[in-house]
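Common to both upcoming complexes is subunit A, partnered first by subunit B, then by subunit C.
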Partner chain A sequence: MNNSKLSRTGLYIVIFLVSLAVIYPLYVLFLIAFSPVRYTLDARYPLQYPGGLTLTNLLTAFKGFNLVGPALRSIETAFLVGAIALVIGIPAAYGLSKLPRRQANTITTLLFLVNMLPAIVIAIPISAQFISAHLYNTVPGLALAQELVVLPLSVFLLLGAFDSIPRDLEYQARVDGAGLLRTVYLILVPLAKAGVVSTFLLAWMMSWDEFTFAVILSPINPTLPIVIYENITRGNILASSAFALILTLPVVVMTMLLQRYLKGEFLAGGLNG
Partner chain B sequence: MKEKYIPFLFLLPALLYVAYFSFYPTASAVYQSFQTPHAHFVLSNYKGLLYFGLSEAILNTLFLSAGALAIQFAVAFVVSSVLIREFRGKSVFTALFVIPFGVATVVAGFSFSNIFATTGGYANSLLRIFGLPPLNWYSSWGMDMLTIMVSDSWKNTPIVALILLAGMTSISPEIYKAAALDGAGPLRRFIHITLPNLKGYIAIALVIRGVSEFNIFALPLILVGYRPVFLTTMTYEFYSTTASVYYSYAAATVLLAFVLAFSLLVIKMRENH
Partner chain C sequence: MNPKLELQQIEKSYGNKKVLNKLSLEVSSGEFFVILGPSGEGKSTLLRIMAGIEKPDNGRVMIDGRDVTGLPPNKRNIAMVFQSYALYPNMNVYDNIAFPLKMRGVPKSEAKQKVLDAAKLLRIDDIINEPVTKISGGQKQRVALARALVRSPSVFLLDEPLSNLDARVRYLARVELKRIQKKLGETFILVTHDQKDASSLADRVGVLHEGRFEQVGTPNEIYDKPSTKWVGQFVGDLPMNFLPSQLLGLGQSDGEVGFRPEWVTVGEGESECVLESVERAGDEYYLFCRVGEDYRIVLKGATHKETGETIRFKLRKFNRYSDSALRETAEQSP
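Entry: the complex of A and B
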């Protein structure tokens, strides 16, 4: 009994320390964004607690820098990436679920290989292709490239969602005279709703955060992560903090919403084969 | 007969997309790494890279990847052993712990560049509270590496922990009970039960994270710029600053070779066991 009490204390110490480590960098972001600069950036030893709260930093940043352009571009790209993930991913996942195991495994491996090819290796040759195709510095071009990061995972997530639907339901629909496309889109997709929504959100999120393709393929019309990077390198720390805040808030909310699906089984999905 | 091809029809968009946007550019990068404006199928780009510090970039990339993986797996094992147990506040802790997964790399880079700033940094301000002298977090190669490893691990430990947790959930508690009855302590249970049963999941986490570690890009770019040099930042530096884009193709190809070799190694090791 004593022993288990001791390990319980140890457990809570670990939890406390890990929580502290997780929160601290976000807390620093909060401090820089919301406390007067004399306590943060201008201090030789910045305060560990808010010396005061102010919106001046953010207001100056929003006034001095064009936030709307990059934010809109990030949003458009993220929605497009999410949409393409479903448009290509749903049929692909359905196809995989219908294939014999061996062939399905081959294709899964192929998709897995896509995730292993480094973004920077792909981005540089693509930039030349994009320039001639007028996709360089455009939202659709960037979305098409970022889709590479997202598609394999999307297909695995959707495959998992389809696999959990009883086969009989599908056969029943076919017997009742529904065509194949109708069966997939009007019966299976609604049943796999949770998986479909989480796939979209995860794709959205990964695009929202993506850096490598964005910096190489859309340097003149940058997305938010690129603007943050540029402002850090130029020493505009306050502006970066404002942008970083905007970039972080939606994903923190979405991570919480997606938590049910952020499970190891899904993230490792398909790689078990 | 026709039925057999239907799954492939559904998979076709995904396969075409992947072939055109992933495999073709990768092949083209490898091909062009052996070209110069004046000659074909030569090694001169690679020779040039050797002169510009290719070996250094390789060593740094390998060292950083190994160190970051070590930190992430060590912490992930601790956290997943916590998460496998039941305790009050578990759902809050889980929600908190996965937040960094959703936070953009540039935002993590922003926070950590302020934490590890040499003057006016939050880490030094903490040290002062404990009566310790300030540190120069970029004073040496080793410190540079450590700073990047810690920042990277903050963002990426959650995914490792979630995958390991999935593995631990799949181990029957009966085995642990039996081992405990036989007098095996926690450490022996970890070595003789947890580790062998987790092999598949460890391999998956190792491939997913290892490949991303080789591709680490935004974080070193923000924290240390182009020195110490890594394969990704070297590729980008040659792409964005020099007249010859062929050097960046060569650097990218080296990166690709390491990523593929690493993945093959892990997969082979897993098969041999």
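Entry: the complex of A and C
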């Protein structure tokens, strides 16, 4: 008992240290975004503590650049990517979960082939196609392109979620009179809720900070990451750290909103035991 | 009248392993049929083929005289209780029981009445609003049963519904199950590896072995007149004893004699065996004996002999077998 208490304390210390390492860059970002300019530019090293509080940086950034367009575009794209990942991913993963394990694994591995190619190699031929299909510089076009990278991972995650549901529940639903669609959407998807939500979240985030496809396929209507990149290349550190903050916040908000679905507890106990 | 459920020449293999081999069966309306067999003999596969969860490689499944072989489970009018109970963990007890009605578009008020009736029949009306994750094993089994009973399917299929209950609850559940089946007068098909389930529930038992029914009959027939040596050894608390006929002086030079431990009178008669060990069996004893050098038998009775001593015994009843199949049954006057 004493021992386990000790190892528990140890665990918390490790968690704390790891969290610190993750949070530190965010903290610096906050400092730069909200500190008066001279603290940031005069200091030999970036500040480790708030030297003062100002909103000037943010206001300048908002005034100087049209942020609303890129931000909305990013949000639209991210939601679209998340939605497509589920709409295509759920049937695909369900189908794979019905196959013998070996075949399913082979197919899933093949799906990841696209991820092995550099995005830039794929993006260039796609852009040529998109121009003729009127998808160039559009949100749906960009979302479709990002799906190339997002979908394999989504299918993989959803497959894991479906595989963890006991087969009997599916059979029971069929016996109880549910057809294939209702079995999937009334029984399997609710039971795989944690997996479905985390898949959506991951797809959303992958799209949110996706760069390569965005810069090649939608250069005239850029998304947030592109705008930030352009500012950094112009040496506008203050504005870009303000943008970076804006880029970070929605991810935090999304994660917090969906967090309660990410617990897998409710699955336990429905079967015997 | 057509049989309620009929299997014709069902075959099923997994890879090279033949699980069901030209199996045929007829279950009539209102019958409680128990499929009995050791683990790994394809009992559950057979039930799943009836349900439409698995497809047979060959053969036909008929329900109410209709060929349903190609139909998915939701197009067959069946209810099933799985060994795991398979309660939907995202729903409470009420919604679990109501699910089959909801899937068939039964109006809400009507569904409510049916759910409450089923819950009352199974004495779970007090936990109707509990989440299924919070109830005991016995209650889960009842909820699973209620979900099957809530509509009126042609056939109820039960896959080892009692095996997850501990011995005492299990005994009560058996009584309860029989009560419900009698009350409803519906057709039940239950799969089990437990002979007690079979003997206390079944109108008829089918003993499954090597992909086909080795014997189909009433529990008494199966116990008293096992059609093969294998059935004799599988059914019963202890396996049936088999000895060559001439060893017991029963005439014929070929064939074997089969008898249950309790079919003998110990302490009289011409036959002899050497007592090797004794085990208490209620009021009497199981006497584990050796006949000659090669044969081991078990007798039920009382004796004052010590191990190593010779016991006399007499058969009151026995079956004759040749080539391992039943030839005739005989009773001797006491």
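Definition applied: the second predicted complex is superposed on the first by the 219 of 273 C-alpha atoms of A that agree within 3 Å, B and C clash if a C-alpha of one lies under 4 Å from a C-alpha of the other, contacts with A are read in each partner's own complex, and residues count from 1 in each chain.
The rule is short, and it goes like this: a contact is a pair of C-beta atoms (placed from the backbone, for glycine too) under 8 Å apart; a residue touches a chain by one contact, two chains touch by 3 or more.
Please read all numbers here as calculations on a predicted model, not as lab measurements.
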item	value
Which of subunit B and subunit C A:72 touches, first, second, both or neither	neither
Partner chain(s) touched by A:171 [first = subunit B, second = subunit C, both, neither]	second
Superposed model, subunit A: greater residue contact from subunit B or subunit C	B
Contacts of A:98 with subunit B and subunit C, given as first, second, both or neither	first
Touching partner for A:187 - first (subunit B), second (subunit C), both, neither	second
Contacts of A:131 with subunit B and subunit C, given as first, second, both or neither	neither
Touching partner for A:20 - first (subunit B), second (subunit C), both, neither	neither
Subunit B and subunit C footprints on subunit A, overlapping residues	180, 267-268, 271-272
Subunit A - residues contacting subunit C, complex	166, 168-169, 171-180, 182, 187, 190-191, 193, 266-273
Subunit C - residues contacting subunit A, complex	48, 51-53, 72-74, 78-80, 82-90, 99-100, 103-104, 132-134, 137, 140, 147, 164
Complex contact set, residues of subunit A against subunit B	8, 11-12, 14-15, 18-19, 21-26, 28-29, 32, 41-48, 87-89, 91-92, 94-96, 98-99, 107, 110-111, 114-122, 124-126, 129, 144-145, 147-148, 151, 155, 180, 205, 208-209, 211-212, 215-216, 225, 228-229, 232-233, 237, 240-241, 244, 247-248, 251-252, 254-256, 259, 262-265, 267-268, 271-272
Touch list for subunit B against partner subunit A, complex	6-11, 13-15, 17-18, 21-23, 25-26, 28-29, 32, 75, 78-79, 82, 85, 87, 89, 93-115, 119-122, 124-126, 128-129, 154, 159, 162-167, 200-201, 204-205, 207-208, 211, 214-215, 217-218, 221-222, 225, 232, 235-236, 239, 245, 248-249, 252-253, 255-256, 259-260, 263
